[in-house]
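Everything below concerns the one structure shown next.
Chain nomenclature is as follows: A, B, C, D, E and F, assigned in order of appearance, with residue numbering initiated at 1 for each chain independently.
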């Protein structure tokens, strides 16, 4: 691992990241071809936030939050702090004091593969965090790492400057290069979903809306009564 | 796996299922001899619902929600959709659009061994779901499965038409054949619990109420002071 | 395992335990040198409680809550019930009826390595519990265990009479011998955190506050522009 | 749970079960339409066995092996003992002494959702076991359960008398009703695999053998050079 | 955590520990009342060793093996090195070079809650290790810990000087104070097991040997034919 | 996800990858600065192989091995097949028939985040595989994916043409750009390890060899007798 702090990496437009975040993680994930989702392990410390920002990435040693301190200085308005460790760690590398410092700099939220602490205080502050655990376990500041290098979280590469979106469904990374086109795709998807919602509310079936009856038939799915099925099973 | 959709299976009475659900999962589980509980992995996407309905079962391929579309058509007033996959899968096979379609048909809720998404929207809709995960990960519609065949969820067999109950304690399956007698047993249990609650609130001990002092003695449990214990440990 | 109930063990002062609990788990954990935290597996059944009490410990057989009945009798005002099993078990060994009995005796809360049930009722009662799972799975009363012997929960030894603190960040055990000095250390830590909070809110960096720039340099961390980094990676 | 011992349930033919077992779990699983596999959690205590037998099923309370004693008496030549618990348990419910008793009765092996112990001795005996864990943790004989009722293991229903097959790939349950037809299907599959093996050894591609090039094209998979791909990613 | 190295703690007799180890983990665990077993997570890096020694304990920071170096100096003939971390860590804190140094000092083996590496080399050396993982992930030497203080591994307290036994069934800690009496109890247990083994090999049933028929009856277990059971289930 | 097969990506030199593999995963991991290790989840299906090759990468849909067929055609002498899925999946996507085809093409081994099957046959063939599970669960060929695009496995990015090394300690990815310099670094590390091995075998301590006594002192580690420690704890 190169022990570096990369300063001022190119970022996606902060306003675009925010707009994209407002569309919701599930919608954007679908709109962009189902890539970049960090998986179900990352849960919000408190429910109800829906945000988007630009990634500042941090790579820490397990049990050590030294590099988060280095990262804070690299953050600016509209950023989203993204923390991971060189090997799995659930300790509480992040809490209220960091949130206070980040809020001062206009950072919108945090996602970490580790634990977070001060959950009651973070909720009171309204500072949104997504993490793999809640843990009061404290850390040291003894070993170097990196800031603003590409990291892997939840099986996804997050590069500094990429857009990171998060809500109650989890966290999504959108490549910096895909944000602009993603806005358009997400808007189209929202319209498509709105139309489907109305149709379903009025009783249309997905089988009909998406033409799935032919698919089921092609796959050999048969319709049987309960009696017919029981006979086949005997 | 037989790729079938079984139509109109016999169901437990919907009103009975609802009444049973209202008694609460833990109480009915005790009343019925501690069988049918799907285990602690199934958590509500939002807290506070307490429902009961009749199972419509779905067996999907991992990463594929095609058969849920087929299942929606089989649902009717008072049903409870029960989804599993042929091998473990945490993807978000179910979300708001499905919930909208199910609500139109009078379906009371969903339980799935996979993930669900659109959690904020489901909460806003008031559509209750229990799942093993929250995940925005989208799915395809490419591989056949089955609807209304017996499935296994959380180590329990759920057959179409069985009663499924759920609340903040998790999900319980009651065999169709046992619903009627279960109502009676659950009512008796409720009364027993009410009496115990009052006694405990007034200071009675379970040791006395359940005659456990003799049991402890029979098992050889000894009462020691802290000093006596320290001496034995040395 | 010795099958014993130890009566009236020496306890930390109940008022001290309560005061310490009010300082919050993360703060006290730091103040006392980062020991005694039970880890991220122990989660509150409902959010928002922050308490401290004196441990009454219970060791049960898996799937069996007999010894909790024996333990209730040993509880008194200001206690915190601590339950574990001889091998891992997620069943619902504890629920509303026990909570009712404990509340009558002035017990402040419960932590268990097993599951708990009646979550909606516990929330309504305002009786706080921390557990490794929520489970409606019922238990038997067939096998002996122990009350008020040292137990291990979350990798930490909890002895009867130790102080147990809990909030949304999890559960912390403070040795009886360390409670008095812990009060002082926690108060000092609170002041230190308040000062840091104000400084961070005003834009100071941890790098400067904690003198970490020299540390980073000593560890060989280099600052690079994005271009310089890209060149090194090629 | 009904606390019963069901005596002498109808069994699949023991010779058929043995023959089927000899074909290997993966092959039979494919031949029978990919159903009945207990999943990757069940591992052999020692490598190299490949067997098949008829299920005698046991349902125990966690931490309790009483019902295995009742089950031994129900076992006869060609059986395969299948053990599970009412809730998850990794304790060592089974060891060398049971294996000695089972071997005397002609039982071919054991699968359990719990742990097993005496692994070195089982290997020396040549008695094959598949389990979810190895654990020396001992158990009590205090709580009732059932023998020869349908149980669920690894998400699969195993009924008494079903065929159970196991090798280094894990454990498969074949319904009693499907054993005879399964023999034929498995033989056909073996031939198909042998032909494929020879073709692949000689350089044929699955793409050609299974006609998958058209499938890839229909799914829109494009072939690009590394340069073309890099350009698209930019 | 106190950062200390405790020198020359009192130890159980090394010969006794070795003898006890030779009896096997499962047997001694039973003989001593089923306490002290570290659970199924601790697996041998290679199969077939069966040893016993006296604990030298090490508490490391996650991702850091500094204190193992301090511990080596504290080891002497007949010791068993016991390593854990302040929070969970699967990194490879231990490998061949440490094993070489320990072997020179007459250390019999190692157990760690972390990972180990150089598995092929450890097998070739014949140096037995039990661990929660195999991992090549390297570590730093940056943060203090402790040597020869009581530690918790697998839910069990291990104090310096206690006897630690290990074989293919896992790892057992026997309190220093219980080793001498344990020898006697284990010998008695071995004789009991030998007698049972012979009886079972000759066809006796545990039901009869342990008087369990009365137990089953007292617990209300009923014997039914398959037909009777089917009728009850309908 | 772009559904593409990238043909003939630039590869590290096959001979270099093989040489590097022969040095062992743990040694190369240390030599290259402790990066690229896939973690302890990836275990060999059989013990004793130690190899290195050039990555051909495959991204499959869960429960679907279509793209492995496409990947086989892209493989050539000296390659190492690297398989992952878009979301976690333990099914048996790979077995003996694929191994036969790969061996014909000179492929050295496979690593997959899924399961593998035909373990006995793979061992007999001597074809080495590393996987997150062993599973007989079969798959379909219904959904598109990608070949020779960068993938993430065990938290590490693997790009086509990178060197992949594997032995009993797990799997390591070395960036194509770092292979040549890695050879040199690994040779230097081997020499350093050989010297340390000899010193340790002759009784030198790591404390002295690595100058750690000063470190311990700087960190405030104190040496106490057991009596002194007991007194401090009281």
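Simple rule for what comes next: a residue touches a chain if its C-beta (ideal position, glycine included) is under 8 Å from a C-beta of that chain, and two chains touch if they have at least 3 such contacts.
Keep in mind that what you see is a predicted model, and the values were worked out from it rather than measured.
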Between B-F and D-F, the pair joined by more C-beta contacts: D-F
Candidate from A-E, A-B or E-F with the same interface as C-D, over half of contact pairs in common: A-E
Where subunit C and subunit E are represented by their mean Cα positions, the distance between them in whole Å: 27
Centre-to-centre distance between subunit F and subunit C (centres being mean Cα positions), rounded to whole Å: 38
Sites on subunit A at which at least two other chains make contact: 2, 34, 39, 86-88, 90, 135, 137, 143
In the complex with subunit F, residue positions of subunit B that touch it: 61-64, 86-91, 135, 137, 140, 142-143
In the complex, subunit F residues that touch subunit A: 1-2, 33-35, 39, 86-88, 150, 152, 155-157
Residue ranges of subunit D in contact with subunit F within the complex: 24-26, 29-30, 34, 37, 39-40, 43, 47-48, 50, 167-170, 172, 193, 196-197, 200-207, 210, 212, 215-216, 219-226, 229, 232
Touching residues (chain side subunit F, partner subunit D) in the complex: 2-10, 66, 69-70, 72-73, 90, 92, 95-98, 100-101, 103-105, 115, 117-120, 123, 133-138, 141, 143-144, 148-149, 160
